[in-house]
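So that you can tell them apart, the chains are marked A, B, C and D in the order they are listed, and the count of residues begins at 1 in each.
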Amino acid sequence: MLPPPGAGAILPSMPIHDLPLVLRQLRHVSSQQFVLELEGPEIAAECSPGQFVMTTVGGDGDPLLRRPMAIYRVLRDENGDATGFSMLVEVVGRGTAMLQQRQPGDVLNVLGPLGTSFRIPEPGTPAAEHLLVMGGVGSAPFPLLAEDLLRQGHSVRAFVGARTADLLLCVDDFKELGVPVEVSTDDGTRGHHGFVTGILEPYLMGREEGPAVLYACGPLPMMHAVHAVATAAGLPLQVSFEAPMACGLGACLSCVIKLRDGDGWSYRRVCQEGPVFDSREVVWE
Amino acid sequence: MRSASDSSVSLAVDIGSVRLRNPILVASGTFGYGSEFADLVDLNRLGGIVVKGLSLHVEVGNNPPRIAETSSGMLNSIGLQNVGVEAFLTEKLPSLRRQGVCVVANIWGRSVEEYVGVAERLDGAEGLAALELNISCPNIKQGGINFGKDPELTERVTAAVKAASSLPLWVKLSPNVTEISELAVAAEAGGADALSVINTLRGMTVDVTSRLPTLASTFGGLSGPAIFPVALYMVHEVRRVTSLPVLGIGGIDSLDRVLQFLIVGANAVQVGTANFYDPTLSARLIDELAEWCGDEGLDDVNELVGTLGVR
Amino acid sequence: MRSASDSSVSLAVDIGSVRLRNPILVASGTFGYGSEFADLVDLNRLGGIVVKGLSLHVEVGNNPPRIAETSSGMLNSIGLQNVGVEAFLTEKLPSLRRQGVCVVANIWGRSVEEYVGVAERLDGAEGLAALELNISCPNIKQGGINFGKDPELTERVTAAVKAASSLPLWVKLSPNVTEISELAVAAEAGGADALSVINTLRGMTVDVTSRLPTLASTFGGLSGPAIFPVALYMVHEVRRVTSLPVLGIGGIDSLDRVLQFLIVGANAVQVGTANFYDPTLSARLIDELAEWCGDEGLDDVNELVGTLGVR
Amino acid sequence: MLPPPGAGAILPSMPIHDLPLVLRQLRHVSSQQFVLELEGPEIAAECSPGQFVMTTVGGDGDPLLRRPMAIYRVLRDENGDATGFSMLVEVVGRGTAMLQQRQPGDVLNVLGPLGTSFRIPEPGTPAAEHLLVMGGVGSAPFPLLAEDLLRQGHSVRAFVGARTADLLLCVDDFKELGVPVEVSTDDGTRGHHGFVTGILEPYLMGREEGPAVLYACGPLPMMHAVHAVATAAGLPLQVSFEAPMACGLGACLSCVIKLRDGDGWSYRRVCQEGPVFDSREVVWE
């Protein structure tokens, strides 16, 4: 069902653009999280779920490097044509704080679409159950993935975790799409009190037999735990990784993680061979 | 104002026997093997592409984290990860050659023998314009002393590689020295055909929360706009002691800094870290340079080289 | 969260025999003689003020322009303009002493004799905590070779000044060297009581319009946030080879960078260029440091010094 | 009439503040020139004409150094109490271009008041004629000076030069204050075609005898020319200098110019012993 592990995006690779994009809207979803809507069809029309962009954050060469951000939603006009896309950002440091200060009309330089996308079944493949498991701002790429899966008639279910209720992301997106959502919070302020695997595992136990595919994005320990659950259940899992990035283009070799390679391992670039990897290919340590 | 494509301005420069379309190259380690930027930059327009440092064998490189951002700069400790000279020749070079791209192979080793090995392997290679010797590497045969910090070692490795290859040889100097002019003289004595100035400055940062170095390998090389004034000074110092062609490298982020390098005496420049955050800069600089020369009434960019006045 | 004035955190540090209120000093040449900042900073709260470099006689200094802005940094070529040691003793020191400010005299000369001359003149001075030797100066008696670039000269000038004065002696190292550890060892051999690390990096920029160096004296010293990773690396290098107290200097612009210096092994720090664009930073850092230590559960800032972990 | 040359400000020196000030308004006066109004009484209440501030331009540490700007007008409420002050800025490089991008509500960190002020006659001194000679953005400190002089019953006259008509500054300020203005432009687009000395000299020739004081601020060659005119006419001249500045406080020694000192000269700080100097003290070269 899946292409061979590590095979990269299933879509023919689309050209990468570097464009000055106008900020249409900045919408806060919590005190530390916000959505940025950018105008411009080029990247939006050609991207696939799981891909990302490298964006300036506003300063003119300060901070020096662009920041990698997943493509969150594709914005469309009444004809359904892509007019832009959005990013879902959590403030964690200086760059994301500067991004939060942007105003509508400001211009960001955006490079993309970059990296591999989630690999979804070829059209025509019998419908399966697709389980999206996410933590914190790792939720960003999943609404777009859900859209694509639903369009092909698959059933989709979301497991959303966060530190606390305020920081739960994308729950409304999933509800709008009609995707059932279960939530967990580390502090028990909403849903299951504990980690997201605490809702995923019971679900897997209780579900009927049949093909299922797991997708995960979030903090490393969370993805590692999902990997353990998936392995135990014998289900395939695609994980989307983060790593410090300078170029996003595969040139600087800064973003590497260890992937299995023959009997050993080798460093592969998250921006190029990833960010989406087959979890069995990853050297979890 | 003349247009950017004004063909009446000649941008070609000679680095010894190598004629470059224009003086804007991209620096080793910051442009991959070229193909990574093919969607964004017409590789064929660049003065040249210096590829990621090649070694005899595949190198896995250092543990991550490998980069850290600093004020107007970044630290890297990639650890010279590369595909190895064989894979370069079979997988990377052929398509670049077909496109007519000017390719310079940056090479390194852990001993004089390793350097010579890479150079020999590249010697016959069709489509290579020159070798660039990265001597900012520890010599494991001599207690780890850095080739680029010691004039004698610099001369020795330069001479050995020169003897092993018929390709023009550029030697890339390290800025982490008391007198870079001594290293320039040593490289020239070893037979260098040109000097690339500078490689990264040594630096480190610490993650205060964990009280660990930010980079897994503790130290890294500082690059980016922050180092520009140091790089310009060092090109000036090198120019004082040699008439070899010089490639100015360090912190280029704008035409103004390209011009500064040329004015102090660099014959060409290499854009490095800026490729990461402004991937089309190198191509734009070519247009801007042509336009600037036109506006200044220069017919040939070489007229600008080494025109620094004295106050 | 404890309050900034939480007196349960001890910030006092010992630089050899000199006890400082806290590890936040201000660097020579960036805080004048202290009085310039008196409206903005309670001088008496600072760990210490290192005054502008003093010489035997009044120095007129270099021609302007004396500064140039660079990416996250600045170049200066003030040329060590100063009022001279006599005027310092009669016009500047008395009021600082009356206020109880901890004053360190940065001194320099063009020969060992000149250094000794200043040191002798300051020897008896009441209200001076220490001497800081700026050895980034050319020795006019030895072909202009820079004291700070040569281990032998460094040791010689340190020993001579040490013999001429009973004040604790801090030696301020230049970063423009191949191995700063060799200079640290030389200064220790000469009798240094502490090491100040680092002075400015050599650099230059060019004004493209006039094709002249931006600075009238062509070269200048690069300082500011841009140089922080280099400074931190050099403190780390120095810490490897000596157990002398170290004052970390270079690019401090925030508490985070103060902490990084302490973690790699500096016993105190000096804030330099940041005083220009954020003149109250030094005082704020003292509060922030106390608060941070409190939050981390440290009773004494010295517990932080040299706690860098190994990956 | 004037205090001894080089004696510094005549006012008791006021404490220097370093304050985050809110930008109230940014008003364009030409494509390259604008007025910034800042809130905050502290600096405004204590400054004197000719003094300046060091201001951040908006970036967070980029550009590194603050920019020196003359205090243009003091803003007052209906009771006449100072509520803030303004700066009159010309875009010449990166920092001033960034300043032009500021929005109302933005905060600038401002250090001041700094430097010496124009030395005006002690209250009660018999009225004299005060001639203000300015070029380009050198006009900025003069409306405030005119206000002070007028308040003491002196007669004031302004000679305003610029490269071209669009860039003539402060003409309306002077008109509102009832100060007669003559203008010159290098390109002849308004007023006298030529330099500002071309209107100053004829005026000095034609005027009746009596005490007069000259003040000048503008490009160096212009101030040098006014110095020559003043010397020929035997009139005292105060000049306000510019120099690259890092600290504005007298600490860095970057901003020096040559002043006469005994038989020779010495470097003095523009930010501390200036920016206003007695023109006879300056080594013109």
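Following the convention adopted for this analysis, a contact is a pair of C-beta atoms (placed from the backbone, for glycine too) under 8 Å apart; a residue touches a chain by one contact, two chains touch by 3 or more.
Owing to the predicted nature of the structure, the values given are computational and were not obtained by experimental measurement.
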Quiz item: Through how few touching steps can subunit B be joined to subunit C?
Solution: 1
Practice problem: Find the geometric centre of each of subunit A and subunit D from their Cα atoms only, then give the gap between the two centres in Å, rounded to an integer. | Solution: 56
Practice problem: Let me have the rounded angstrom distance from the C-alpha centre of subunit A over to the C-alpha centre of subunit C, please. | Solution: 48
Self-check item: Where subunit C and subunit D are represented by their mean Cα positions, the distance between them in whole Å
Solution: 36
Exercise. Could you tell me which residues belong to subunit D and also touch two or more other chains?
Key: 61-62
Quiz item: Hey, what residues on subunit B touch two or more of the other chains?
Solution: 68, 70-73, 224-225, 253
Quiz item: Based on which chains are in contact, what kind of graph results: line, ring, star, complete or other?
Solution: ring
Quiz item: Which chains touch which?
Solution: A-B, A-D, B-C, C-D
Quiz item: Inside the complex, what are the residues of subunit D that reach subunit A?
Solution: 59-62, 98, 103
Exercise. Going by the contact rule at the top, pick out the subunit C residues touching subunit B in the complex.
Key: 63, 68, 70-73, 75, 149, 176-179, 201-206, 208, 210-213, 216, 218-220, 222, 224-230, 232-233, 236, 251, 253, 256, 259-260, 263-264, 307-311
Quiz item: Which of the residues in subunit D come into contact with subunit C in the complex?
Solution: 15-18, 56, 61-66, 109, 111, 243-244, 246-247, 249-257, 266-267, 272
Exercise. Would you mind writing out the residues of subunit B in touch with subunit A in their complex?
Key: 29-32, 36-37, 39-40, 52, 60-61, 64-70, 72-74, 76, 78, 81, 224-225, 253, 273, 275-280
